[in-house]
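To keep things simple, chains are lettered A, B and C as they appear, and every chain counts its residues starting from 1.
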Amino acid sequence: MAKSAAPLRVIEETPAYWRVVFDYPPFNILDAAIFEGLQDLLVRMDTSESLRVVVFESAIPDFYLAHFDLTGKTGNITTAVGRSGLPILIDTFVRLTKSPAISIAKIRGCVRGGSSEFVLAWGVHPGGGGTERLPHLVGRGRALEIVLGANDFDGDTAERYGYVNRALPDAELDDFIDALARRIASFDRRAVVAAKNLVNQVSLPSADRLLDALNSFQTALTWPEAQQRIQALLERGLQREVDFEKSWPALLGTLLDT
Amino acid sequence: MAKSAAPLRVIEETPAYWRVVFDYPPFNILDAAIFEGLQDLLVRMDTSESLRVVVFESAIPDFYLAHFDLTGKTGNITTAVGRSGLPILIDTFVRLTKSPAISIAKIRGCVRGGSSEFVLAWGVHPGGGGTERLPHLVGRGRALEIVLGANDFDGDTAERYGYVNRALPDAELDDFIDALARRIASFDRRAVVAAKNLVNQVSLPSADRLLDALNSFQTALTWPEAQQRIQALLERGLQREVDFEKSWPALLGTLLDT
Amino acid sequence: MAKSAAPLRVIEETPAYWRVVFDYPPFNILDAAIFEGLQDLLVRMDTSESLRVVVFESAIPDFYLAHFDLTGKTGNITTAVGRSGLPILIDTFVRLTKSPAISIAKIRGCVRGGSSEFVLAWGVHPGGGGTERLPHLVGRGRALEIVLGANDFDGDTAERYGYVNRALPDAELDDFIDALARRIASFDRRAVVAAKNLVNQVSLPSADRLLDALNSFQTALTWPEAQQRIQALLERGLQREVDFEKSWPALLGTLLDT
């Protein structure tokens, strides 16, 4: 069953509506395997002529997506380039935002770092596009609080900030997302594509800005302070212990003093 | 009484504060007559040296503004150019946003399509500026949900999304708008004009982006799928039946399956 | 005690976390002395190699920051240039936004005019950057309402609009800000600086736009209508009487009729 060992699986609800389930125990940590899975998914998405909408969800209770891997398993995602000519890390996000298909994140549980918000805890700064996308989404003041505070946001606050579209009661989440996805899937494909393209024209950061952030992030990773912080977090239980993985952002202010 | 047959009438509360009432039964559908009325209004606004603020409201219960006409009554609004050198459809919106006078929309009842949100239902994509203006107003994620979901938003959700400034209890709406309009009308005209111009400098989409969207929309209208969807909607009661006109966006997901 | 007479004082909670307290009775009015204090602060900030975060607060009950001085005490803040090459008024705000240190405003009481929102009451338009920053923060529609309505916003509405990050119950404000400030102060300085710089790259208005607004504002101050309004407000009690200073925006709609 090589299939079930993949970090993400694709469920084709209909030819127009797919669900992608991250199932990469223990925490859906972002490493080279996840990015490889996403790159494969992008190829499949690019070659489908019926697809309109992809819902991303998690099979792991309490965790949606974790942070980037800190144990050397990120492979060449920041150096090898993808189809867009950008490094895999950026290429993956850029191709998702520019894909003819619409992405919907159905978030249950913790989500961190993939959106670059928590990396100050590591002694580095965001490099995957967060600093470029957040100010347009939530305004400069809230973007700075999110990035520099490096803390968890509950769903209601995230909605008030404009960080997510909506926070819904858990019992309503599945039905809301399924109805929205089926609705979009019912529309004509080229109309959906044209509408998304028009929105993209006025809302996506430039490749130059994204590359600047990634290059600066690569440099930051070499700082000794960053290496010290990352080691301290790993020793405390990061990437190993469920309780620590759930709560570490709240502990950060004092975690590294001792 | 040619006057009462006009699709909109202007009430000069004071020389500085006008109300424009859309009164075009049955649903204030946007056709060539409405645009002609708006073009006449713009000429009157341009020549007034006392005007500061215009409140737009509807005389039709349950409907503020409907979608664009689908029965061939839109005349030459996408081909003939207005004073700005842009096609009438865009010219009308652009000149309102750049007018020395401030526009306030006092929305009671359904509002659709004129802001381009629902056109996926027709098999086309927005062409009147919605995809260019929404991302700056509500952020990319919410703009995509609004445009691609093509559904009604209640007032509270619209406020949370930043789609409208405020949702107010019905009993407070008239007084709130009237007080705000009279307040703006009490300020010096050239200060109001200068302030609006400064905001416009950093917040309006370019004419090129608006034209791209309109051209793409024109092409989309020729797609056979679009023509099929539009016919299906008209046969079901669009532009004729009150109940259908009120509820059709909620029905869309399944409407066209049968 | 020349120190206690300064309009603002700096409290170094830690080398990384400073508090700046505006204490300039009766209302923390923005005049040349406040800007001189801020310019001195900026020099201190620029030369500190440990500073990460500065919290700005007020020692005056009911007033956080008032409007610009209208009694001739603004000195040369709009003509003399600061270190950025921009006039002191803009230089002060621009250097704060670009400083390696993070600014947090802990707002209790009225705040006006320093963000340029109320100047229509004076017959002029904003000139200190408000019209350039607000549309990106709250969207065009809400920016226009804030600037053109020239009225007070309570904290909850300000949060809903995205005008402030959060409105908190008074009893929680101090602890929330202190915890956030200490958290940011605990991170590595160059990571904080790099993150803020990346956010700034995509969220700050250009110097050209800021200068246009200031030049236009300078012209507006020479309009006779503006001078008349300013005189009327001063005669009614502006800058002298506490009750008037607290409530004048609410009275504006009718204040100048008589």
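Criterion: a residue touches a chain if its C-beta (ideal position, glycine included) is under 8 Å from a C-beta of that chain, and two chains touch if they have at least 3 such contacts.
Everything numeric here is computed off the predicted structure, so don't read it as measured data.
Colleague: Turning chain A onto chain C with a C-alpha fit: angle in degrees, nearest 5?
Modeller: It is a rotation of 120 degrees, to the nearest 5.
Colleague: Could you check if the interface between copies chain B and chain C is built from the same residues on both sides, meaning over half shared, or from different ones?
Modeller: different
Colleague: Using mean C-alpha positions as chain centres, tell me how far chain B is from chain C in Å, no decimals.
Modeller: 35
Colleague: Two or more other chains in contact with one residue: find those residues in chain B.
Modeller: Within chain B, the residues that touch at least two other chains are 136, 138, 160, 162.
Colleague: Applying the document's contact rule, which stretches of chain C touch chain A when the two form their complex?
Modeller: Residues 102, 133, 136-138, 159-160, 162, 164-166, 179-180, 182-184, 186-188, 190-192, 194-196, 198-204 of chain C touch chain A in their complex.
Colleague: Mind listing the chain A positions that touch chain C in their complex?
Modeller: Of all residues in chain A, those touching chain C are 119-121, 123-126, 131-132, 134-136, 138-145, 147-151, 157, 160-162, 205, 209, 212-213, 216, 220, 223, 225-226, 229, 252-254, 256-257.
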